[in-house]
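Remarks on the structure that follows.
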């Protein structure tokens, strides 16, 4: 198929190469001309503007957005909408909030455009060699672009999840689960690290990756991380977050769903970004007030 | 009444003075001769040894232990048991584990001694001017010592809670609740501190101490703490703990009781004692592995 | 002072009577003519419409809204704005979201009206005999209405908290703390109830209300509740919630503040409204899958 | 090798067959003669008593215990110790507490016996066709029995973890991680189930098993569970637990390690075993006390 790809960051570049590996023709645009040049060197076609990208495609066109979530997507849609025509397809495969995707799908459908919200999992490695897709949008139209997903995913690694919004919604929940799983793994090693035993963490993560109940990609990545830095002594335990975990907890609150594991895994990330807390100061001060317990001086 | 008091730390000294304020005769012993001397200066009688202390009392004797929990209590009982005689009373009013109290009560009853496990709340201030007691032990014998509690407690501030162990058990749970309450207060101010508003925390804690749903002694102490250090900038938010919170959570686990608030308030204390965590390192390393997300260098 | 009171529900009626006790003249309106009639019987003046209420006041007018948060407030402001004139004052003392209050204050200021967002604590009893107020709005104008708060609050029970929004914001956080405190108390009794001891809960809550570290109004209410139903056997442990707890957690998320105690106390409320959970089904199914562990049949 | 296997439950039977598949000679004993008979029918040798089992082996003997943790293990060791002789090996591959394993290893070493504490993961399927082992004990002796683990594990599925206790300790932590992961997965589906979308859970678990970040055996088992019961409507969400999760949390407490995810996943299991909670009753009663909020009648 012929695809116009917008966005050549870590994920977009890998996906573009992946598409080409499977015989698709990809014209790519990025705000960075360097990125476009790198894509050209790798055998792809480059476009110097969104307009040029659209012009290079045949109708009905397929435009694949792989850009950071937020305003950038809306700005691109502002540019794209007048350039595209009825029956063209826009695939947005970044980490957008599902409510944004619902809104955007509705907006574009007024112009007869088809919008697909696609949750993409599998990291950079997956983007390059076999991703995992959760795809929301119109079911009939989906069949036209199914080969694109089939070719660039691992076997059985794509799913039409339902109407608009359902793709990013399920990706959001996927990331919520991911937060919980990562926290569980982290806490396990925290306990091991404080224990009386002296484990070889790489070896332990490796054996847990082979035959155990908790085997899976995250455990393999744990092994990989320990193989490079046996005690992770080179990094600080600051756990940044980029949105989906928060959205999952907000969604749980809106649904009045108890999701303590996901909520706590997010809050412990927030905690990790601070050297000290006001909560702690208040509690320490209270202990001093009623019991005369010594406080640590700042 | 005539009481032998063992232990003249922060709590014991205050309680001894409190007893004397109400006309009781107190002979006190402490491992520190200085403390005994200070007690003498304050009008009490001092004993230079446990033996001397016991000798100074009339049968049936009342010995009140106000010492740190653990081995110290057992060692004192080792000393006291041969010195005391049938029908003497030992009151242990520290923060012992209820299982220790159960064991000790059983041990002493074999010698015909009466053992009372007493949870004492209200802090140093309460010890001096009106404490709160939860008292476990033999109900009939309790009546003999009830005046002692009645006199040194605030009005309605003492309760016979049931058989041996029930005093310290309820004090343990009291402290578990205290952990949760303090954490809730701390988190509230944490949110205020991060908010767009610029509150006067002392004033806010004061208004919350007057008429609000969350009014109570802890809020008054919060006010007091902020009155001394408006942003608590002089202290670090390190929340130490001394056992009862942990015991409460362990008890919850043994009872298969869900107590997430108390458990988390304890775990956040542990978290506060660390500059960095292994959990955090593992999660940060995993984010880097699958998504190429940057890590903070150690 | 002369006040127009809109809303004669549980809180509004009590506050109106409280104001009159202190010599203020109150004209009240409620959508229920019965409520207005009851207010008249109690010595107040009634108005049959918002328009009539506004007409009964002298400029600069003071209108006090005591209605459920949400659309109702906005609808009332729609009605009030054209009836009021420059320098009139609107006090909104319900449980509104602070962002709504910020928006409303801005809206009314365009017409030269003064808007105060007031968090009211202390329950029905407080409303009647001495409330606790957190008051946001213009500081100078506040002085004009300060007597109203001073008279109807307990001593030291009102605070000017800062600019618009700060009143409801601090009330929101107050309720977040309240959620955590209540959960901590609940968990304490949960542990006691499962323990080997047989406590008299009313007596225990009473002694904890007198001299203990955890004494306060919530503990007194705990005593009161147990005095009516010693084992709370007549009620189900379904913990409903009405918004502020959720807002506090959402705010914590927006501020990237770790507030696990408040978050969990909310989520356990959600959990309590369900007989069974999908989470539980998935975990039970997984245990069966890997370990052959028996599941409970639905 | 020639092995004496004690215990032919779900795990033991499968492991015995697994050993034989790889050419080991297994004599098995179980308290149930039926189980022994079934093992004989499957081609193994049966023993009618522990004594007979020991006699069937050649020195230095290898006895593999695959029985429920607790007293049963101690009772077996009581029987075995006098029957075994210096340099014989006892492998205990059940889910014992690591402190029991430490104690037992010490006990047997006094008789010159070698004790290995082995955590076995992978469920029944793993036991039959390729398990995952974490093995604690004497390193040199381990080499004598390594082939047994190598043959019955998946490739790379066994690890000598260190001295006595380290095998069961790491298995304990493995299970703690498992608790957290399962809870995270459960919560994800809880949110999906309450959402506005209508997902095919089997399909979603399948796509998440192929290429996603959260792929792994637990997700494959989730898919399997949904394939049998698409909405899990036939089971109740009661999450039983069998010890290791609790031990992990207790260990975290002893180490003063913050492990909120694992702790909460355990506590939510406890919560799931109850229809109602006393915590909930207290909170509901308090809401009624201060705010007049209606309670649900029992």
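In order of appearance the chains are A, B, C and D, and numbering begins at 1 in each one.
We take it that a contact is a pair of C-beta atoms (placed from the backbone, for glycine too) under 8 Å apart; a residue touches a chain by one contact, two chains touch by 3 or more.
Here the structure is a predicted model, which is why all the values come from computation and not from measurement.
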{"item": "More contacts between chains, B-C or A-B", "value": "B-C"}
{"item": "Maximum centroid distance from chain A, chain identifier (CA atoms)", "value": "B"}
{"item": "Distance between the centres, which are taken as Cα means, of chain C and chain A, whole angstrom", "value": "39"}
{"item": "Mean-CA-position distance for chain C and chain B (Å)", "value": "33"}
{"item": "Chain centre separation (chain A, chain B; CA means) in Å", "value": "48"}
{"item": "Junction residues of chain B, two or more chains touched", "value": "122-123, 183, 185, 187, 190, 194, 213, 217-218, 252, 256-260, 264, 268, 271, 277, 279, 290"}
{"item": "Touching residues on chain B, where the partner in the complex is chain A", "value": "10, 122-125, 182-183, 185-187, 189-190, 193-194, 217-218, 221-222, 224-226, 229, 232-240, 242, 260, 264, 268-269, 271-272, 275-293, 295-298"}
{"item": "Complex contact set, residues of chain A against chain D", "value": "121-123, 126, 130-134, 153-159, 161-163, 165-166, 169-170, 173-181, 183-185, 187-188, 190-192, 194-199, 203-204, 206-219, 248, 251-252, 255-262, 264-265, 268"}
{"item": "Sites on chain D touched by chain B in the complex", "value": "213, 246, 249-250, 252-253, 256-260, 263-264, 266-268, 270-271, 273-274, 277, 279, 290"}
